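Everything below concerns the one structure shown next.
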Amino acid sequence: MGTIVFFIFAILSIAAAWMVVTSKNIVHSALYLALSFSGVAVLYILMNADFLAAVQLLIYTAAVSLMVIFAVMLTLRGDICESNTENKSWFAGALVSGLLFVVIGLVVFTNADWRVLAAPWTSGGSAEDFSLLLLTRYMIPFEAAAVLLTVALVGAVILAKGVNESK
Amino acid sequence: MFKEMHDLFQWAWLIPFLPFLSFLIIAFVTKRSKRLSSTISILAILSSLSLAVAIGLGVIQSGEKIVEHPAIVNVNWLNIVGLQIDFGTIVDPLSAMMLFVVTLVASMVQIYSLGYMHGDEGFSRYYAYQSLFASSMLGMVLATNLLQLFIFWELVGLCSYLLIGFWFFKVSAREAAKKAFITTRVGDFGLLLGMLFLYVKFGTLDFVALSVAMNTNIQDVAVIGTAGYVTVMAFLVFMGPVGKSGQFPLHVWLPDAMEGPTPVSALIHAATMVVAGVYLVARMFFLFDHADPMALQFIAGLGAFTAIFAASIAIAQDDIKRILAYSTLSQLGYMMFALGVGSLTASMFHLMTHAFFKALMFLGAGSVIYAMHHKQDIWEMGGLWKKMPITGTTFFIGVLAISGVPPFAGFWSKDEILAHALHNGHPIIYGVGLFTAFLTAFYMSRLFFVVFMGPEKKENHPHESPWSMTIPLMILAFFSVFGGFVALPEHNFASYIHYGTFHHEPIAWGLAGISVVAGLLGIGLAYATYIKKAISAEKVAAQYSGIYKLLKNKYYVDELYLWLIHHIMDGLAKILYWFDIYIVDGVVNGLALITRGSGRVLRRTNTGQLQTYAMVFFFAVVIIFMVFAFGEGQLSALNPLATLGGVK
Amino acid sequence: MIGNFSVGLSTYLLVGAMLFCIGLYGVFAKRNIIAVLMSIELMLNAVNINFIAFNRFIWNEKIGVNYLLTGHVAALFVIVVAAAEVAVGLALIITIYRNRQSTDVDDLNWLKW
Amino acid sequence: MTALPTVSSMSMLLPFTLLAPLAAMLLIVFLPKEETKTIKIIAAMGMLVSLVLSLYAFLNYQWEPGGMQYTLTIPWVPDLGVNLALGVDGLSLPMLLLTNLIGFASIYASWNIDKRVKEFFVLLLILIAGVMGTFIARDLFIFFLFYEIVVIPIYIMVIIWGSTKRVTKEYAAMKLTIYLLIGSAFLLVGMVALYLAAGANGNPTFMFDQLSARQDLYSPAFQKVAFALMIVGFGSLISMFPFHSWSPDGYAGAPTAVSMIHAGVLKKIGGYGLIRLGIYVLPVGASFWAPYIATLAVISVLYAAFIALAQKDLKYVVGYSSVSHMGYVIIAVAALNPTAATGAVGMMFAHGVMAALFFSMIGFIYEKTHTRNIADLGGLAHQMPRLAIGFMIAGMASLGLPGTVNFITEFTIFMGVINVLPVHAILGIAGIIFTAVYILRTIANVLFGPRRAEWDHLTDIRGPELVPLVIFGFVIFFAGIFPNVLLGMIDSGVTSSGLAKVLETVSQAKIGGLF
């Protein structure tokens, strides 16, 4: 059962990702991106990461995709069907990416020593444990992330607003 | 007796030191006061003269002992691994004689210069140079080792340079000074090499030690090396005297050196510095003696050649000082071949008498030039004897002395040289010497007759020179007349100054007669030509115009050298400069251009496309990742030291 | 074959690798700058999958139950940074667009000589 | 390293010598730039302190035990084995004294400078301190550090205060700097290789004496490669034949003080390094390369002497002459025997004094006449007799006149070389003839000849301008007349540092090679 679900959603997210980078229409790409994110969220659930799956859906599928679509609409010019073309060196890019994939795949398959658990853990891993960890051991990174988000927010506002010197 | 004398000889260092002190005082203190400067300088040289006389008398009194065991004082000068050099003074008859000659001529010249250089702008500078010269020359004479001698040898060269170029505003003087320095430098190159090889082989440059080492080790191949070694060293050492004493082919600088003030020519380029080469050969005679006989034969041949070569040029010259200069060259050749035929005594004897009469003649010529307001062409002079009786008479004494007329000094010394040449089995050299004696008498009397006899020229208003100039002339004339008597058996010059065992030889009157006849023939021929006009000089010159032009132009040696310098040396310099700018620097600039060019090409790869950059970056990451993932253990191969094969 | 196949660590890693490489290709090949940004998001997702997969399958007693979720924390931080990055990145894109009237990466080539 | 108790108590002597110019430099930095007079006086005072201290060190040095004295060792980066180790022996002490002599005189040679005075003297003092540091370092790392300090001020000084003649000053500065940096790149590689090889026993060090004591750690192949790196590095610094072309152009472009320091001492770091690092640490490599180096050196001597004949610019004449003279130093290094090594260090001292005097006199001529073209000058002895004396002394020293220190050092070199490399020595000695030719030509054409009316307005050097002449003139003659003062000191350095023993083991001992 789990295996079947895994394959369905893994293939779904990969296919969606593939469409993201191949689609000629940038709006389609954005929508496929949301689909891909959702597929990944299901994979999270399969790995006992329920909370992160929720975060994934909320932030990636909803917020990020939304913002991307907004940005697309703000910047879109000309023919929408040709809004997302490849550049001249796409083949070289494909080669490098393919090479990387082959290398990673080889490493993954040849490396036997993953110290994999005999049986995956099932207990624990609740949102409560998670928040406890964030507020104790990872306190400082957590706060730093908060600051980072604030700063990013301010920076994004300033950048998007632009500087109108003439006025 | 000897003990006391030795105490005296210990003070010999004062002889060069006093003039040096005077040089320092003039240069740093009294430069502005001409009178004070000249007084200090003359006082210093006179003190040196009296010391030299005292030492000379001491040497005579010490007799045999000092001949066998020279009085030597040494102090360490340089002491490092592989090089120990002393500085010191050596007193033996040879150096005592030279001390006397040098100090005497130097004092005469300095006194004479009071009048001759009167009113010159650089009067103090002149006396400073004179003092420095006297000091260096005397230091050279007293040197106990070859390096010390070389140091002072170069210093007299420097003084010669400074004094030839004394009137540095004259382009000719400036060029002559340069020429003198460079030409002698060529000879010094050989001397320096010879010195180095001597030190390498014998571990010392000390004359006495060297002589002892050579005597004991001459058969020892392990020490000396192969047999030719000493001969090579002898030739190298001889290069120095060739340059300094103006032997062919390095004689070219001496006639040009006449651009200096005339007293300087008298002192440096007639009496003292130019005979330094002869003195060096005499000091190092043991080296030449131990060398292959070829070396001495070479010296004799070269000396004889220089003698006749220079004498033949002198016949066709018109400049009073140049005639004397070529005559000096010729007489130096005489001294050299005297050494070459093996007679140290005759050579040194001639050195002494020549110093007297040649200095006399130069100073006389200076007196004439002074009276003629710096005209030097003999054909513009004439009948000067009446106007300048003292100069004329003393000059005549000089002419008789150099022509070998008895009983003047030159007769004794020249005769002794010729006699030795014949006795030691060099008949050709004897013949050349005899013919040279004839030529010498001819051109000297030619000079005398043209300048002092004959009709007076109206445009000239000569008058006798002041006392400061004529008194030195008279003193030198005295020595030119009586200086030769030291060779008479009762004075025994030869028993003091000789090489090897001493054999007393009586004067060969027969041979002497022949050379006197040669001299008188020369004088007679000149008389017939220039006074009686029985032979027309112009006609002879016209008939043999080729030879005349050759002689007049000094065999074109100067032209040859100039051509060599300007075309070969300067040409090579230009070629090498071109090479440096365009090849060596060209490679450098080319590399720079390649760097810049490759930058220009490679910057095209900076497309500005971030994606391209990222792609290259990731590609590199993948490669490194692969190395880490699959190339385990290969990394150590990158250790540079391992590739150098380095670490043991 | 399917029967005795169990979804394990390497399967997840391969999914992550695939997503990552697709994203990488997008970064290299797309002309629209927003597409490049989206590809980066795909790569970040791939990384998150790896984090969580390792967290899920690799664990031992020494780590202790309190630190059971370290991989999740890392993934969360990635998400945070990604969010910030998207916000700032899109703002930059809009600024660039405002200045250059273009979102084409090929036009943004003034980073050269 | 047997430091005497009496001497070791003076371990602060060298730091003070090094810091005096730097203190003066700091003081100048805080002065307003209009106070040019004060700036010059402070610079001169700083150098005077340094000079006096180094003179004291020179006179107080004990020849008998020899070795490194006035030592000071402070561990700096212990993990890497870097020590702030200072000390001098008979080899480096003359070079230290030379640096301070030239440094002091160079302040006075640039007395008339009026463009950006403050910056000039700040850079000059840094330059001098840097050169000084290389000579008193006992640690390779410190040596290299100071050497790199030197490069930058030179570049700036040539660019700002230089002069453009045949080549532009920018080109000259660039060439100078790039050559020095390329040389130092080779050195750096050699240095690191040496460090790694010496640290193979797990006890890394940069100290010269330690490096040389670990002979058993260097294989012959390694020595050859490492010495080749050194010879390229130091060879380009001392302007050996194919690497010489920066030298004339650089000197021609540089201001007087830089030319003085550069030709006078900076170049000598090359020779010093070859002896201290090359021969001392890598004797096997040295003996392998020696014949090749000697050949290049002889080419340097003759080639540069010939090119000097064809020069029209005064500074180029001296520039090529210094290439020629450095050839003698390199021959001496290649001869690999104690006498020649003594001569080499002595020659570096002698040439330094001579070149600095030459450049300062040329600087004055250029300052007054605004030309260095030999054909435009002439008869300057009429208007400027004192300058003419200085020029003459420099020229006579350059052609190796006895009585000057240059003669006896050259002679020592020849004495050391002729036994081992007779053919090279003979060719090298032939160089003295051509040296005489170009030097005398230059002197004759610049100083002598008819009075020229266009130079009648010139004033002779006076006051502070006389300082270089007096100092260098005195040193040239004093050390020339009493050579034991200098050569005895160097000799003690050669024997006590163990260099003599090293040389004994490697020298080819070709006795009577020619005959």
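Per-chain residue numbering starts at 1, and chain names A, B, C and D are given in the order in which the chains are listed.
By our rule, a contact is a pair of C-beta atoms (placed from the backbone, for glycine too) under 8 Å apart; a residue touches a chain by one contact, two chains touch by 3 or more.
This one's a predicted model, so the numbers in the text were calculated from it and none came from an experiment.
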Legend entry - Path length in steps (a step moves to a chain that is touched) from subunit A to subunit D: 2
Inset, instruction - Could you let me know which interface, A-B or B-D, is made of more C-beta pairs in contact? - result: B-D
Inset, instruction - Could you tell me which chain's Cα centre is nearest to the average position of every protein Cα atom shown? - result: D
Inset, instruction - Determine the centre-to-centre distance between subunit B and subunit D, using the mean Cα coordinates as centres, and give it in whole Å. - result: 35
Inset, instruction - Between subunit A and subunit B, tell me the centre distance in angstrom, where each centre is the average of that chain's C-alpha atoms. - result: 99
Legend entry - For subunit C paired with subunit D, centre-to-centre distance based on mean C-alpha positions, whole Å: 62
Legend entry - Length of the line joining the C-alpha centres of subunit B and subunit C, rounded to whole Å: 94
Legend entry - Residues within subunit B bordering two or more other chains: 609, 611, 615, 618
Legend entry - Where subunit D touches two or more other chains at once, by residue number: none
Inset, instruction - Could you list the positions in subunit C whose residues touch two or more of the other chains? - result: 24, 27-29, 105-106
Inset, instruction - Throw together a list of every chain pair that touches. - result: A-B, A-C, B-C, B-D
Legend entry - Residue ranges of subunit C in contact with subunit A within the complex: 2, 5-15, 17-32, 34-35, 37-39, 41-42, 45, 48-49, 52-53, 55-60, 65-70, 72-73, 75-77, 79-88, 90-95, 97-98, 101-103, 105-106
Inset, instruction - Enumerate the contact residues on subunit C facing subunit B in the complex. - result: 24, 27-29, 36, 105-106, 108-113
Inset, instruction - Using the touch definition up top, name the residues of subunit D that touch subunit B in the complex. - result: 175, 178, 193, 196-197, 200, 216-219, 221-222, 225, 242, 244-245, 249, 303, 306-311, 337-339, 342, 379, 381-382, 396, 399, 401-403, 407-408, 411-412, 414-416, 418-419, 425-426, 429-430, 432-434, 436-437, 440-441, 444, 447-451, 483-484, 487-488, 490-491, 494-495, 500, 512, 515
Inset, instruction - Note which residues of subunit A are touching subunit B in the complex, please. - result: 87, 89, 92-93, 96, 99-100, 103, 106-107
Legend entry - Of subunit B, residues touching subunit D in the complex: 76-83, 147, 150-155, 158, 165, 168-171, 174-175, 177-178, 181-182, 185-186, 188-189, 192-193, 196-197, 199-200, 225-226, 228-229, 232, 569-570, 572-574, 576-577, 580, 584-585, 588, 592, 640-641, 644-648
